[in-house]
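Chains here go by letter, A, B, C and D, matching the order in which they are written, and residues are numbered from 1 within each.
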Amino acid sequence: MTGELFLFFILALTAVLTAVGMLTSRNAVYAALFLVLNFAVVAVFYLMLGSPFIALSQVTVYGGAIMVLFLFVIMLLGAENIKAEVTLKKMWPALVLSVTLLGLIIYMIVAKVPMVGLAAETSVADAAPKPLAVSLFSTYLLPFEITSFLLLVAMVGAIVLTKQEKKGAGK
Amino acid sequence: MENTQLFFNFVPWIVFFPVLGLLLNLTIGKKLSENGIGAIAVLASASAFVVAVLQAYSLSIHPEGASILVAEWIHVGDLAIDWTFRVDTLSVTMMLVVSGVGTLIHIYAIGYMHEDVRFHNDEGRFKRFFVFLNLFIAMMMVLVSGDSYMMLFVGWEGVGLCSFLLIGFWYDFDTLGRPSFANSNAAKKAFITNRIGDFGFLLAAFMMFWQFKSTNFDNVFAVVANAEPWVILWITIFILVGVAGKSAQIPLYIWLPDAMAGPTPVSALIHAATMVTAGVYLVTRSAPIFMLSHDAQYIVATVGALTAIFAATIAVGQYDIKKVLAYSTISQLGFMVAAVGMGAFAAGMFHLITHAFFKALLFLSAGSVILGMERGHHHLAHHGHHGGKHDEEVFDPGDMRNMGGLRKQMPVTFWLYMVGTVALAGLFPFAGFWSKDEILADAFLEFPHVYWILTGAAFLTAFYMGRQVWMVFFGKPRHEVAAHAEESPLIMTAPLMVLAALSVFGGALNLPGVHTLTVWLEHTIDIHPGEFNMQVALISTALALFAIFLSWLLYMRKPLTTGQPDPLKRILGFAFTGMENKWFVDEAYKFVFIDRYTDLAKFFAQTVDWDFWHEWFHNSVIAAGFVGLTKFLANPIDLGIVDNISKILARSIQYSSENFRKVQNGFVRSYALSVMLGVVAIIGYLLIK
Amino acid sequence: MNFLLEPLNLVTFFPLLGVLVLLFIKSEAKNTIRWVALGTALVNFGISLWALSMFNSSNPDLQLASQYSWIQVAGWNIQYYLAVDGLSILLVLLTTFLTPIAILSTWTAIEDRVKDFMVFFLMLEVGMLGVFLAQDLFLFYIFWEFTLIPMYFLIGIWGGPNRLYAAVKFFLYTMAGSILMLLAILWLGVNQGTFSVPELVLKGGIPADVQLWLFIAFAAAFAIKVPMWPLHSWLPDAHVEAPTAGSVILAGVLLKMGTYGFLRFNLQLFPEAAVKAAPTIAVLAVIGILYGAAVSYSQKDVKKLVAYSSVSHLGFVMLGMFALNAQGIEGAILQMINHGLSTGALFLMVGMIYEQTHTREIAVYGGLWKITPIYGSLMLIVALSSMGLPGLNGFVGEFTILLGAFGSKAFGTPIYAILSAIGVILAAIYILYMFQKMFLGPVGKIVEEVKHHGHELRDLNAREIITLLPLLVFIFWIGLYPAPFFNLIAPAVDKLLIPFRAILGG
Amino acid sequence: MIPVNYYLTLSVVLFSMGALGVLIRRNSLVVFMSIELMLNAGNLAFVTFAKMHAANLAAVHNGQIFVFFVMTVAAAEVAVGLALIVLIFRKKQSIDLDQLTHLKG
């Protein structure tokens, strides 16, 4: 077992465990924190896979922005706990399905994907954000613009949705 | 025959002048006086006569004639019919007769129409009458001058139309001036009967076209000799049907006596002198065809001869002065048709011409007699000799039983009538003698049975004319009206005198040995002059004299008195009843054809088309059938089967949806579960595949 | 814009411009509406004359074509294709000629919903012109069905007392026939790969047995429209109930759509089948001629009499057409025009007297010639033209038809022509019967009746005379000098006859 | 050298757990988080495949840019989604998914 592989297993274990933690924690704040941890681990994987730009985006967007938003909402609503959460009896179809799905896809991977090794090192050229940016602003210009527009819409939407209407006004 | 020298180019004017006249009268006639209208019409007709004379003059220098193309008419495929005028000796002869006699009758008509018994103050009558008369002259000219059978046919039908219009001239009356459909019925009868003849003519034309690829005279005659005998026979038979219609031969003669409903000038012009002889002209024109078939000649001659004697027997039994003349005309037409049928074309044409003279004379004189009687009636009514008695009963001025002794009241008319009678009876040296004799002489050589029949007819002719003259002019007046009859004015008698002169000297046209007319016509048709036959002449003259003697015996020795039945009735019995009633032919036709057709039409219209097809079939079968079908589909099929199927479907859907409804429990997570299930299923499927 | 300036497009759709203008006029302004409609129709007649001036009569092919690809779906090749040739040019002119006359005849007859009437009328003109000009089967079918709708309303709204029955009957009968035709059209379009008539003619090659079925399918639609005996039972209803102008157009143009259809489609597309069917058609035509004439004779209603006479007249047209020789077909085409003129005029004149007396019963008339001399004289001319007097138009058509039928190789026997010639006699019988009972004889009781209502039976007024005059001009023109008309027809007919010459020989 | 299968397997495991979370949790916020987890798992697979085809420079970029877009969309989704949750909470005073049964047929 090489060090590389060892690191992978450690990290993979962490990722799975944090995911389980998120699933099982009753408190939504804990769940959120587990998830942040999970995202961080995934970011490391990205690094290992030679995508430093994505890894950093992962940390900033998910860890920084999205999860903060989650925590903020949780705090705002004071909805950390919900009574009478999951009972195992009601869970079993979901469990069975999930496990089936897992099994199926793993079988797929084993059967269809060749055992190609992936080096953890990255060449500078591959990883440099610059060619990525060039590609983003040339080939993918239109999707990029649409996405930015989407963000704008989402922003406006979020504001409109959550805006408190004054009582009596506009009715 | 492209000869445009001399006056040949003028020939279309023979039609254009009368047309011009009628158009003038049509447009400005309202503003003109009676005489003005008459003058225009006479002028138009006289101009046509002048043109005809010019043509005759040109022909005398260039006897081969000419064809003058005016315009093309019907050109379809290989069919080519043109408006082409043909000038040859035959057509010019007809032109002269038509326009000559026509002009005289136009003049006469000015006087006649002024006081026709039936005008009843109809102010438009002059204009209408002369327009029709001019139209007739034009159409007759088209008929005789056409260069093809089809152009001839235009005139043929055209004169039929004029005949219709003029017979029905007093269309709202009967012959005695009472409101009725009678005159218009007579007109309709004439037109329809003529149409039956036209039907034959058309078929003949079709046959000619398909056999000879032309209806042009020259083209047809050029190749007709190569045709098969059955073709020629059928063509001639079809032509004969046409002739029978137009020239009033058996079996289509029935319209002519009724045609006397028209004003007398019309009877003279159309129904004696010109139009009815068109059939004779047609056969003469078609001489090259008829000459080829002995059978055809035999049939035509026989039909003519039978018509001659049959009509003559009827003429004997008539009381109306014009009816006698009408049947006499039919009889004489029979003579002509028989003549041309035998191939004695010159004789036929000769008789046609002389007959035009003396029969026109007779008719016009008869018209003069009728007007004279009418004047007497008028006189009586005005002076009120017999109170209101005469106003009650309708007086028939044409009934010979009311006449008698008119010789004294109407001397001019009497003498004119006598000339006509003698000419018609065929006494030497009047025109009728020469022409009739030529026919008989030819018949004697060609078809003996025709000769004997015709001789019989000639005998009867002399007899009924004698009977008429004795009844009308001799003896004592049998009615007060006759005693007060008045002579006609000069405008009427002057044309009669011309005609009388022609009747006397007309025979000079074709005297034996000289054969002027025959030579003249020889340029056009291939004929040989017949020889004078003394034996035939003697027999017929003797018979005619005997007939006149017989009639004298019957009607003059003991003149008829008022209300006395005809002396012949005693002698002949039932036979005379038959003659009186025209052998019931009209009744038979009415029973066999007219009523049957009317019934058939009614049956088709009411029973077949309306009740059966329109009402029953449409409403009961189609409409009701459709409604029935829809009901069947609606009730047993739709409600019973389709509806139930859908009900079952609906119930099962209802049932299943009630169950499926439970799935829609509103729990987002169970929806998610379903989605998950779908994902697993799809991936599973992809793997298995 | 170019599309609209093509002569045939212009002539077809110009009336729609009139419709558009009419929509902006208040419906109370009846006279304005009438003038606009009349003006539109007259201008359209002018346009058709302009098209005629560009028409080369010595060219037997389709001319002045306006051809655009239209619907190209699933291998269907449907075109917008208008063109004219010798077979249709006269009918187009007849349509544009009769429409203003018919409109003029409604001047005082139609007082109710004038605007709607004129709109329908002009739309009808569009449909009729389209039928005669369309050279694509699909387009033809559309126009064909389109004519039904305005006519349905013309009968159904402005008709006589029984108008709804008549309108529905008219509609259903025609529709029933059209459906078979639609099937045949689709079969042709799908199997031959084109709906264009000239292309279909060029392509040919339809097996004889199939041809016969297609022939029958097309014939079903056209025979009802003509109408051929025994499919005529909608005709008396439609004619009697329709307003005068409707009758004029119905007799003058709509019936011709049927005969034209036979000519354009049945003869051109299925020559073998046409030869095979000729004797059968001839039998039906002869029955139609004699039967129509007999039935006319027995009518008590003058409009019905004229209506049934159409059955007889169109029998002649069918007979001539299926004689399959130059005389027969050219005569048939000319007779279509003649019938449009003569019967159109008859309907007009019947309408004119009806307007005054409100009755069409022959028995109550009589002696009209004396009271209304101009009316009587014009009626006489028209009646004579209708019964085929030489020198008037009817004769030229009938004569050439009978002549063609007499020597037709397709019939193989002159018997049909001989029997049909009897129809000429019968025509004289019913026409003279009508003329005599209405115009001759003693004055009928209707005159008193009209007086009783405080009117005087008047003669034709200037407008009515102007309405009739153009018809009379053509009645004489065609009768005396038909050459210009035959010259228009002849080359196209010669071309049409080529396959028949091949089949029949000669 | 870590075999590509390992990464993919991990990605699948995480995805399944996210799915399980969606299915079993009633707290809508946690459900939302589970969705994010699933998205992340997907992203991981993308990046893995990008790396696997590293020989092709365009393929690397395609994969990464796809991930980039997913992140952006996720951000937008979270913004709107959380706004909705806030809205629902205001109406119902609860974020329990089982309380939200308006869709019940």
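As a working rule, contacts are C-beta pairs under 8 Å (C-beta built on N, C-alpha and C of every residue); 3 or more make two chains touch, one makes a residue touch a chain.
Please read all numbers here as calculations on a predicted model, not as lab measurements.
Common neighbours of chain A and chain C under the contact rule above are B. Farthest from chain C in terms of Cα centroid separation is A.
Taking each chain's centre as the mean of its C-alpha atoms, chain A lies 114 Å from chain B.
Between the Cα centres of chain B and chain D there is a gap of 109 Å.
Chain D has its Cα centroid 6 Å from the Cα centroid of chain A.
Annotation: 77 Å between the Cα-based centres of chain C and chain D.
The set of chain C residues that touch two or more partner chains is empty. Of all residues in chain D, those touching 2 or more other chains are 19, 23-24, 26, listed in ascending order. Shared contact sites, meaning residues of chain B that touch two or more other chains, fall at 673, 676. Taken as a graph of touching chains, this assembly fits none of the simple shapes: it is neither a line, a ring, a star nor a complete graph. Shown are all chain pairs that touch, namely A-B, A-D, B-C, B-D.
The touching residues of chain D, counted against chain B in their complex, run 19, 22-24, 26, 31, 97-98, 100-105. Interface residues of chain B facing chain A in the complex, by the touch rule stated above, are 673, 676-677, 679-680, 683-684, 687.
The residues of chain B lying in touch with chain C in their complex are 71-79, 122, 124, 150, 153-154, 156-158, 161, 164, 168, 171-173, 179-181, 183-185, 187-188, 191-192, 195-196, 198-199, 202-203, 205-207, 209-210, 597-598, 600-602, 604-606, 609, 613-614, 617-618.
Those residues of chain A that touch chain B in the complex are listed here as 93-94, 97-98, 100-101, 104-105, 107-108. Across the complex, chain B is touched by residues 169, 230, 233, 236-237, 291, 294-299, 308, 325-327, 330-331, 366-367, 369-370, 373, 384, 389-391, 395-396, 399-400, 402-403, 406-407, 414, 417-418, 421-422, 424-425, 428-429, 432-433, 436-437, 439-443, 480-483, 486, 490 of chain C.
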